[in-house]
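Chain lettering (A, B and C) follows the sequence in which the chains are written, and residue indices restart at 1 in each chain.
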Amino acid sequence: MAVETRAEGHAIELRPVIANEATSVPAPEAVFRLEQLSCWYGPFRAVKDIDLAVGAKRITAIIGPSGTGKSTLLRALNRMNDLIEGAHVTGQVTYHGVELYAPEVDPVEVRRRIGMVFQKPNPFPKTIYENVAFGPRVAGVRGKDKLDEIVESSLRRAAIWDEVKDKLGSLGTALSGGQQQRLCIARAIAVEPDVILMDEPCSALDPVATLRIEELMWELKQNYTIIIVTHNMQQAARASDETVFLTMDEDRAGYLVEKGPTAQLFTNPQNRLTEDYVSGRFG
Amino acid sequence: MIGAGNAPGPMDLRGSVARRRREAIIRGLFMAAAGTSILISLLIIASLVGEAWSFLSRVDLSTLVSDGWFPRRGRYDLATLISGTLVISAIGMVVAAPLGLAAAIYLSEYASPRRRRFFKPILETLAGVPSVVLGFYALAVLAPTIIQPLCGNNSLFSMGAAGLGVGILITPLVASVAEDAMHAVPLSLREASYGLGARQRSTSLRVVVPAAVSGIVAALILGLSRAIGETMIVAIVAGAVGGSQFTINPCYPGQTMTAAMTALATGSDQVRGDALAFPSLFFVGLVLFLVTLTLNVVSERFVRRYRRAI
Amino acid sequence: MAGQPATVRLSPAQEAVRRALEGNRFNVGQLWFQLLLLGSLLVVFVVLITLLLDVLQLGLPVLLERGVDFLTAGTSSNADIAGIGQGIFGSLLIIMFVAMLAFPIGIGAAIYLEEYAYDTRLTRFLNASVRNLAGVPAIVYGLLGLAVFVIFLGPLTGGRSVIAGGLTMGVLVLPIVVITTAESLRAVPQSIREAGYGVGATKWQVIRSHVLPYAAPGILTGSILTIARAIGETAPLILAGGVLGGFATRPGTGAVETLQGPYTALPLIIFNWSRQPSDTFREIAAAAIIALLVFILLLNATAIYLRNRFERRW
C-alpha cells in the first residue's frame, strides 16, 4: 500500500501498517540516551549537542546530507572514535542507564555488546569460518563444537548460510560485495550483541543486494536494536521505525533537527529543513 | 556470556582487570623494544665521547698539525685524514652524481615498463654487492685498467682507485632516492609541459628536475654521507696501511678517517704503539659520527620538503 | 572501405599542415639525450659484468679444482690449502646472533611505533632516532662493539669473540629491521583493524590475529634482505676483533669456549686475502667472493620468490 507524500514527484513507498504504528519511545525502554552529546576531533566539533533516546528492538535511521557527522555520531555509540587520535566527546551517552564514557568502562566490553557493520564490507582476509569465529574466540569461547554451532547460527541469521555452507573454508574476500556484507553482519551477530550499528551498509552494493540487506534488517529487528546511518532517504523511509535528521550548522557541526516515527517524519515533517531535505530540495 | 542481549548492570562494562593488565604488560614490552633505539644512540655517544676525551685531554696538540697521520709514532695530523676523506669522496661524487641522476631521469621519465623491469634490477643488484667485493674489484680491475694508465703506472694503490670504487658503490643510492623524488612529481605538471608542446628532454630537465630538486639534493647529500662513511673499499685499495703523509694527489695512496680506524685495529692483534693510538681511534670515530649525522639530518630536511610539497 | 584510393592528393595548405605535424618526429637532439641517459645505466651494467667476469675468471678454476675442500678447509698462510670453512662457520654464527637479537627487538619496536604509540614528541623523537641510527656508518658501530661488547662486557663475551661480533652486527642491523617492519605494518589497511575492534577484540588481539599475519610476508622479506646485507658487512667485525686466524680448533674445545674465542667470518677472509700481494691469494679471494655472492644471490632470490608468492594471496 503505497502512500504519496506532498513532495513533488518523489513518491516514497512506505511499509504498510507496521511503520505507522511506531510511537515515540517511553522512558524505561530506551537503549541509548544521549544528553547534549558533542563529538570532537581535536578542536573541531563534528557533532553538536545531540539529545536523543533510542528505543529497543527497533530500527532507527540517521539521515542527513554528507558531512553532517552522522557516521561520527554512530561511531560514538560503540566508542569506535576512540581509535582516532584527538577524538573525544562532551555531554553524556548512557547505555541501559550506564554511562558509556565513564573512565571505568572498557571499550572492549562496549564493543562486544554494540556491534558494527561498516560502509565498505571489510571481511578479514581469512576463511569464512574464521571470520565469524573470530569474535566469539576473542570473547573466550573455546571448543570446536561450540564454535561450529555459533558460526552456523550466525550465518543462518544473516541469511547467507545456504550460499556458503559448502565453502566455509574458502576466503571471505572471495565473495561478492553483497555476500561479503552479509558475512560481516554474521560476524557482528556472532558475539551476540545487544545493538547493531550500521554505517551506510548498502552504499557500496547494488540495488538487489541492498534490498536483501534491508529485508534482513527487518528480520534482525526482532532480536537486536538497530541504528543505521544512511544517505539514501528512500531506504530510511522503507526500512526504519524511527528517523533522526541531522544537518550542518554554520560552523560545520552537525546538529539534530528533528526526530520521530518514520512515517510521520516523511509525510508530515515539523521542521522546514526536514521538509526541504526529504522532498529533495537540498542534500 | 558474550554480548548479553539483556541490560547489563553497572559492573558489566568494566571488563576484566586481568585482561587490562595483560594488555598493559604487552604494551610495555613493545615500548621497551622501541626504547632500545635511544639506548643504542646513547651508547654510541657515550663510548665515543669517553675515549675521545681521553685522547684530546692527553694529546700534545702540536701533533695534531704534524706532518702526516702516523698514530703509532704519535703523529696525529687530522688534516691528512680529512683531506684523504674529501679527495676520495669528491671523486666518488663526481662518478655517482651524473651516473645516478642520469639513471634516475631515465627510469623516471623515459623508460617503458619493460625497460624498467630490466634496468631497475640491475641497479638493485649493484646495491646488493658488499663493499668488500667492490674493494676487490677496484683493486683487480679499476686500478690497473683506469687509474694506472692515467697516473703513469704508479703503485696499484691510490686514492683515485678508491674514489672510483666508492662512486660505483653509492650510485644506486643516489639513483634510487633521486628517482623517488622525480616519481613523486605530479603527473599534472608533466602534462602541462607536454600540453604546451615541450618534448621529453625539456620537460625532464626544465620541469621535473626543478620540481624534484629537494629530493635530488637529498640524494646527493645521502650519497656523500655514505661515501664519507665507507671503509672497506678504501681499506683495500687506497693503500696507506700504517699511516700516510698529507697529500691531495689522487694518484697517490691516502688515508681516510674510516680506513685509519681499521688500520689501527688490524696492524696487529692489539692496538699498540704510542699509548694514545687507541683513544685516537675513538676521536676519529667521533668526528666521523658527527659529520655523517649532520649530513643525514640535513638530507632529511630536504626529503621532508619534497614530501610535503606533494 | 573498398573503393578508396590508397593515397589522397592533398591541397597545398593541407600539405603544409601535414609537414608541420610530422616533420620533427625524429629529432636528433632528443635521441642523443636519451642515449646519454641510457648510457649511465649501461655503465652500471658494464661494471657488474666486468666484476662478475673478473671474479669468475680468477675464482672459478679454484673452485673447480678444489671443490668442497675449499668450502670446508680452514684458514692457512699457504694459499694452496687455505679454505673458507671457518669463515662460513663464523658468518652463520653471526647471522644467528643477528636473528636472535635484532629481529625480536626490531619487530617489537616497529609494532610499538606503528600500533601503540601516540603522536607525541617522544614518539617523533624515537622515529627520528631510528632513522638516524640507520644512517650511521658501519664502522662507528664497530667502535661501539669494541667499546661495549669487547671491552666492557669482555668477561661475558670473551673479548674479541664471535659473540661480540654477532652482537655488534645485531645492533647495526636493528634500525633497518625496524624501518622495514614499520613499512609492512603501515601497509595493512585500517579497515581490517576496525573490523577487529568492532567485534570487541583488544588491541593485542587485533595485532596478533590480523595485523601481523597480513604484514608477515613483508616482514619476512625484509628480514631476509637484512640478512643478505649483514653477511657482507666487514668493517664492524674488523674492530670487534675478528681479523686474523680463525676459530679455536683444539680438540676438546667446548661450545662456549669456541664462542668466546677468536673467530673470523667470510667477508673478513675476503678482506685479508685481497690484501696479500701474491696471485694465488688473489685467486682464492675471488673464489671466496663467488661463494659470498652466491649466498647473497640465494637470499635475494628467496626474498623475491616469497614476496611474489604472498602477493597473489589477496
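Please note the rule applied: a residue touches a chain if its C-beta (ideal position, glycine included) is under 8 Å from a C-beta of that chain, and two chains touch if they have at least 3 such contacts.
Everything numeric in this text was worked out from a predicted model, so none of it was measured.
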Per-chain Cα centroid nearest the overall protein Cα centroid belongs to chain C
If you tally the C-beta contacts for B-C and for A-C, which one comes out higher?
B-C
Please tell me the distance, in whole Å, between the geometric centres of chain A and chain B computed from their C-alpha atoms.
54
I'd like the Å distance between the centres of chain B and chain C, where a centre is the mean of that chain's Cα atoms.
15
Taking the mean of the C-alpha atoms as each chain's centre, how many Å separate chain A from chain C?
49
Scan chain C for residues touching two or more other chains and write them down.
202
Which positions in chain B touch two or more other chains at once?
19
Within chain A, the set of residues that touch 2 or more other chains is 108-110, 112-113, 135, 139, 191
Considering only the defined contacts, which chain C positions touch chain B in the complex?
27, 29-30, 33-34, 36-41, 43-45, 47-48, 50-51, 54-55, 58, 104-109, 111-113, 115-117, 125-126, 129-133, 135-144, 146-148, 171, 174-175, 178, 202-204, 228-229, 231-235, 238-239, 241, 243-244, 267, 270-271, 274-275, 282, 285-286, 289, 292-293, 296, 300
In the complex formed with chain B, which residues of chain A make contact?
95-98, 100, 102, 104-106, 108-110, 112-113, 135-136, 139-141, 191-194, 223-224
With touch defined as at the start, can you tell me which chain B residues reach chain A in the complex?
1-10, 12-15, 19-20
Over in the complex, which chain C residues touch chain A? Could you list them?
118-119, 189, 191-202, 205, 209-210, 214, 313-314
Chain C touches which residues of chain B in the complex?
19, 22-23, 26-27, 29-38, 40-41, 43-44, 47-48, 50-51, 98-100, 102-103, 105-107, 110, 119, 122-123, 125-126, 128-137, 139-141, 168, 171-172, 199-201, 222, 225-226, 228-232, 235-236, 258, 261-262, 265-266, 269, 281-282, 285, 288-289, 292-293, 296-297, 300
